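In what follows, structures are represented as structure tokens.
First chain A sits with chain B, and in the next complex the same chain sits with chain C.
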Partner chain A sequence: MAKLTIDGKQIEVPDGTRLFDACHEARGEALPHFCYHPDLSIAGVCRLCQVEVEGMPKLTIACNTTVRDDMVVHTRNERVQTAVKQILEMHLINHPVDCPICDQAGECGLQDQYMDYGLYESEIEMGDKVNKEKAQVIGPHVILDKERCVLCSRCVRFCEEITKTGELGIYNRGDRAEIGTAPGVELDNNYSLNTVDICPVGALTSRDFRFQKRVWMLRATPSICPGCATGCNVRVDHEGGRVYRLKPRRNDDVNGPWMCDSGRMIYKDVHAEGRLGSALVRRDGGLESLSWADARRELLGMLKPGSVAFALADPSLSLEELVLFRRLARRLAGEVQIAGGVAGDGLGEGDEILLSSDRRPNRHALSWLDLAEVAPADLAAALEGARGTVLVLGGDPVAHLEVAAALKGVRLVYLGTRHNATAAAADLVIPLSMWPEKDALWANKQGRIQRGQRAVAAPGDAREDWRLLVDMLGHAGDDLDLAGLPALRRFVAQELGLADEDSLNRLPAAGLVPDVAVASPGSAPTGGE
Partner chain B sequence: MSYKGLPEVVTTRKRSFWESAYFVEIFKGLVVTGRHVLKNLRHTDEMPTIQYPDQKRDYGPRFRGRHRLTQRDDGSPKCVACQMCSTVCPADCIEIEAAEHPNPAIEKFPETFTIDLLRCVYCGLCEEACPCDAIRMDTGIYEIAADTREAFIVDKEFLLNNDKDGTL
Partner chain C sequence: MSRDGCNILSARFGRADGHLLKTYEAEGGYRALRMVLDGMKADEVIDVVKESGLRGRGGAGFPTGVKWGFVPKDAEQVYFFVNADESEPGTFKDRYLLDYDPHQTIEGTIISCFAVRANLAFIYIRGEFGWLVDRAQKAVDEAYAAGFLGENILGSGYSLDMIVHKGAGAYICGEETGLINSVTGTKGQPSIKPPFPAVAGYLGKPTIVNNVETVAAVPWIMNNGAAAYQATGTEKSAGTKLWSVSGPVRNQGVFEVPLGLPFAEFYRDELGGMIDGEELKACIVGGSSVPVLTADEIMGCTLDYESLQQAGTMLGSGGMILIPKSADMVELIKVLMHFYWDESCGQCTPCREGTGWLHRIVGRLLKGEGVPEDLDLLDKVCNGMAGLTICPLSDAAVMPMQSFLQRFRSEFEARIHETAAPGSPSRWARGE
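Entry: the complex of A and B
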């Protein structure tokens, strides 16, 4: 441990700590900085985090200094403040100050730090600035404005160290220096939008979010990306019932500060064409929309115990829904004719950074719940010649041709979110909420249970899906009584056999990796302490 | 109990006999009215009433009337859709949708720019917030009338060509 004094405050930090982090701890806020990023190497190019260390003749940059015992550091004295002011002025020499049309405005390091350390009287004439290329498209997701760049090199280091693709570089020298790609090279790796996140100014901005909304109008809701089994922690930025973008939230046990581009684009499904807004029922061969009250009556009428030939739930459902589904399905269909998703659905190509080849957010929970996946051929065989109702929650099993061919004798009830092959083949379609529209738990591939909160309202008649399932359970003769989310989470904990019933109501920030016995038996009375 | 030492009952001044007699006081009042009638008839130019709408009062140049969007030389709006005005607007009456301008030197422009004149409180904060002098309230128009609520929601084209006519 090293004992040092920062701004008159004594603190003790482990040996080898960066002075930057020690200052952050002592001051309660970070030093002004552009180039420092805890997950990237030290560049020391922005010179903003300069501090005075007693005994050193010149100011030193805190990000590239390691703490020493008995160090005496000043971060707020006049000498440091003057230096920061002047460095900031230097960064602004060729900055176009086009904040009104810059998407970064509102979350811009240059703006924030200028409010704290600005000179306020620029010594540069607008006409003297070096003009560079603006609004240059450098990849499928990223747009570059070279004038706004402060050459902190975060994006360059990201592409070299995290994705190891090295598309970006700094070209030319002096005030002609600029970020760019080599001729013919595009910034098109699947993590390119992280460069937009770490860009402290508006040099790299997202093409998808471009001019959509000023950032200060957005409201942020913490959530979990459902794009794959990694379960990256995200922030859903939304306004007026519409999701505008996803940003990663730091969780060092899952995704660090990053997330992939394909995950970021997943919010588009929420508002895309083809969302189910109202219930549909098959009449005279075609699907007609139905009021919610009629749809509920129809649904409950079709789900009598013994009448259900097969029940299938996709692992894109939340943990709560899967637990309730299992209970409902066991009551209606019996243990044998239940499956958790179609084997092979939702598999893609993964990578070594974050993206998992499993594109379902909750497949891990299937093993906890003893819900086996069913191969399309087996599902078709089970449905061939079956009589009664087939209950499908989420997914799109009818997209498999053999399944579609085996549907002759059954009535298909589909609870889902989209107009797809299953909805088209169904006799009754009930709309469900999508992930940002519900408060839900997700078990990622590590078996880590994480909570995503509700950001926006579901369109049309879609409800809180778990309440619908409890309603169906009640109608099927189950006296399960769940008043609200805490009660639901206690029930889920019981079903998983967790020692602490309330553990799912008190999830740690990093999520909870519960000690679930594989294939917990479930069913209310047996859920043991 | 009296409140803070005040008497409980407030007594009024007793009217004198002539005051109670009613007609005398009425007559005295009519004399005052008649005096003003005669004075105004003799000096019509000093009367404070103006013959609106034939006559209109002059307002100062800083009077905040109906908004307009200023134009570039080519007639397109100066506005760059930074949404400072809609952010600062206390009545939340400005709605802007931004889009990519074909000219890269301009970059951003308002695809739509709508003001709900019924919500507007004419505070002028939008003018003050605008970094481009794109919105002004210097038209001097204060007669804002229409038959439907929808007509008060004015769009970009209207605001760009805001004439001195009061009709919407």
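Entry: the complex of A and C
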């Protein structure tokens, strides 16, 4: 450990700590900076994190200094403040100050640090500025404004060190230096939007988010990306019931500060055409809308114990929903006629950074719940000649042709979110909420339970899905009496056999990797038949 | 060309056969190398160079033996670079050394490499010096053929390879980490320090970068002893120095004189004063990056590290530019500010933006579009650039700018009063 004094405050930090981080700790806020990023190598080029170390003649940058015992450091004295102000002014002299049309405005390092450390009168006229190319499309997701760039090189280092794809470079020198790609090269890796996140100014912006919303109008809700089994921690930025973008949230045990582009675009499904907004029932061969009250009556009428031939849930459902589904399905269909999704659905190509080949956010939970997946052929065989109701929660099993062909004798009840093959083949369709519309737990591929919070309302008649399942259970004679989310999660903990019933109500920030006995049997049903 | 009896470095300058191995050997060349390899220890060589008081001639004046001592003793692989990326405006001495006497530099390099236990040396030659690359390469080939380079040199068991590397013509590659990066194949721009090259340089291994003139002095020091070298010059500025002299003086060129020589004497005896009709106004003594001195100031100096520092400038590279009365200081500084703006690598913000800003302000002064506040603004911009960057290029722009402004302010003011009408059309009025 090294003991040092920063702005008169004594702190002790582990040997080898960067002075930048020690100052952050001592001050309670980071030093001014553009180029420093804890997950990238040190560039030392923005020159903003200057501090005075007693005994050294010149100011020094904290990001490239390692703490030493007995170091005495000043970060706020006049000498440092003057230098920071001057350097900040240098960052701004060739900046176009086009904040009114810049997407970064409101979350911009230049704006914020000017307010904190700058506040000088400009001494440069607009006509004196160096002009560079604006609004250059450099990849499928990213657009570059070279005038706004402060050349911190974060994006270049990201592409060299994290994705190791090296699309970006700094071309030319002096004040003609600019970020760019080589001729014929695009910034088209699946992590390109992280460069937008780490760009401290509006030089790299997202083509998708561009001109959609001023950032100060957005509200942020912490959530979990449902795009694959990695479970990247995300922030859902939304306003007026609409999701505008996803941003990664740091979780060093899962995704660090990054997320992939395909995950980031997944929010588009929420507001996409083809979303189910109301219940549908089959009348005269076609599907017709149905009021919620009628839909509920229809649903409960079709789901009587013993009347269900097969029940299937997709691991895109939340942990709570899968637990409730298992309980409901056992009651209605019996042990052998239930399955956790169609084997092979939701598999793709993964990479070595974050994206998992398993594109379901909750497949890990299936093993905990002893919900086996069913191969399409086996599912078709089970349905062939069956009578009664087939209950499908989520997924799209009817997209498999052999399953579609085997549906002749059954009534299909589909609870889902999209107009797909299964909805089209169903006799009753009930709309469900999607992931940002509900407070839900997800078990990622590490078996880590993480919580996403409800950001926006579900469209139309879609309800809180877990309440609907509890309603269905009650109607089937299993009255769980779950008043709210805490009770629901205690119930889930019991079903998983967790020692601490409240552990899911007190999830650590990094999520919880519980000690679940494989294939937890679940508790005995309550209520009589 | 050289002062009588002072030809440690310049003995073969101006001679048609000076670059040939046979000439060099006939005049005592490679004797020092034979002596060193015949039983001296590496540390003994470092000690001799330390005692000699030899200081780096590239500009910083850091004691050479001390620099060599920074190489970790247990290093498995050490690299050595001879810095011949001579690009400082006003400086052209390394060119003479490699042109007229490449073997002296090569011998000095081999001894230096032996001292720091390097087995691979590069001579990094500025891109524009195309013919020097050929000349140095021919000399290196001669040295290989004579057994001074390669495996088991002179049967000593010591091996050294030498590569002549041609730069691509960037001033910033004369900065040692920029030079190393350039050879590595990455963008030629300085790296943040620490780590310093002596600990982690080329390919992450300990690396020493020395100026041509520095290593060229090593054979003489080994032949004649540290005391003899120390006896030349002053206590803190040992030995001789090459001065590259330009400007309207009677004698221009490269001169070797002992450090400590009074400028007045040098000016009178070697340079012969200004040409007819001209009078000395100012002197940039150590290359364009050092503060300018007025004629009065320089006349009171002796040519050594201490005296020039005391006068507020630096000995630098010894690129001496003599400025006559007839010269316009604003025009001159515009040339220099264009140079630093053009050559800034652009990674550090204060330098990238500051050099361009200075260039633009000086440019509008020259066009008669300046306002009185511009002079204070120049000073302010300089303060925001000095000492705040990875390498000294930023300071190198600031030092001439601030000293020109400080010592010749009236010439800058005249530019404004002469032509700038209130509310000059090109600029919206301030404070409105």
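Throughout what follows, the second predicted complex is superposed on the first by the 522 of 529 C-alpha atoms of A that agree within 3 Å, B and C clash if a C-alpha of one lies under 4 Å from a C-alpha of the other, contacts with A are read in each partner's own complex, and residues count from 1 in each chain.
The definition used in the following text is that contacts are C-beta pairs under 8 Å (C-beta built on N, C-alpha and C of every residue); 3 or more make two chains touch, one makes a residue touch a chain.
Small disclaimer: the values here were computed from a predicted structure and weren't measured.
Look at A:E273: by the touch rule set out above, it reaches neither chain B nor chain C. When both complexes are overlaid on chain A, the residue A:E335 reaches neither chain B nor chain C. Residue contacts after overlaying the shared chain place A:E352 against neither chain B nor chain C.
For chain A, the partner with contacts to more residues, out of chain B and chain C, is C.
Contact with neither chain B nor chain C is seen for A:D481 once the two complexes are overlaid on the shared chain.
In the superposed pair of complexes, A:V150 makes contact with chain C only, with no contact to chain B.
In the superposition on chain A, contact of A:N94 is made with chain C only, not with chain B.
Chain A residues in contact with chain B (one complex) as well as with chain C (other complex) do not exist.
Those residues of chain A that touch chain B in the shared complex are 98-101, 105, 134-135, 210-212, 214, 216-217.
Within the complex formed with chain C, the chain A residues making contact are 42-48, 50, 58-59, 61, 64, 83, 86-87, 89-91, 93-94, 123-125, 127-128, 130, 150-151, 153, 170, 172-177.
Contacts from chain B toward chain A in the complex involve residues 80-84, 87, 98-100, 104, 107-108, 131-132. Those residues of chain C that touch chain A in the complex are listed here as 170, 172, 187, 189, 192, 194, 341-350, 352-357, 360, 377, 380, 383-385, 387-390, 426-428.
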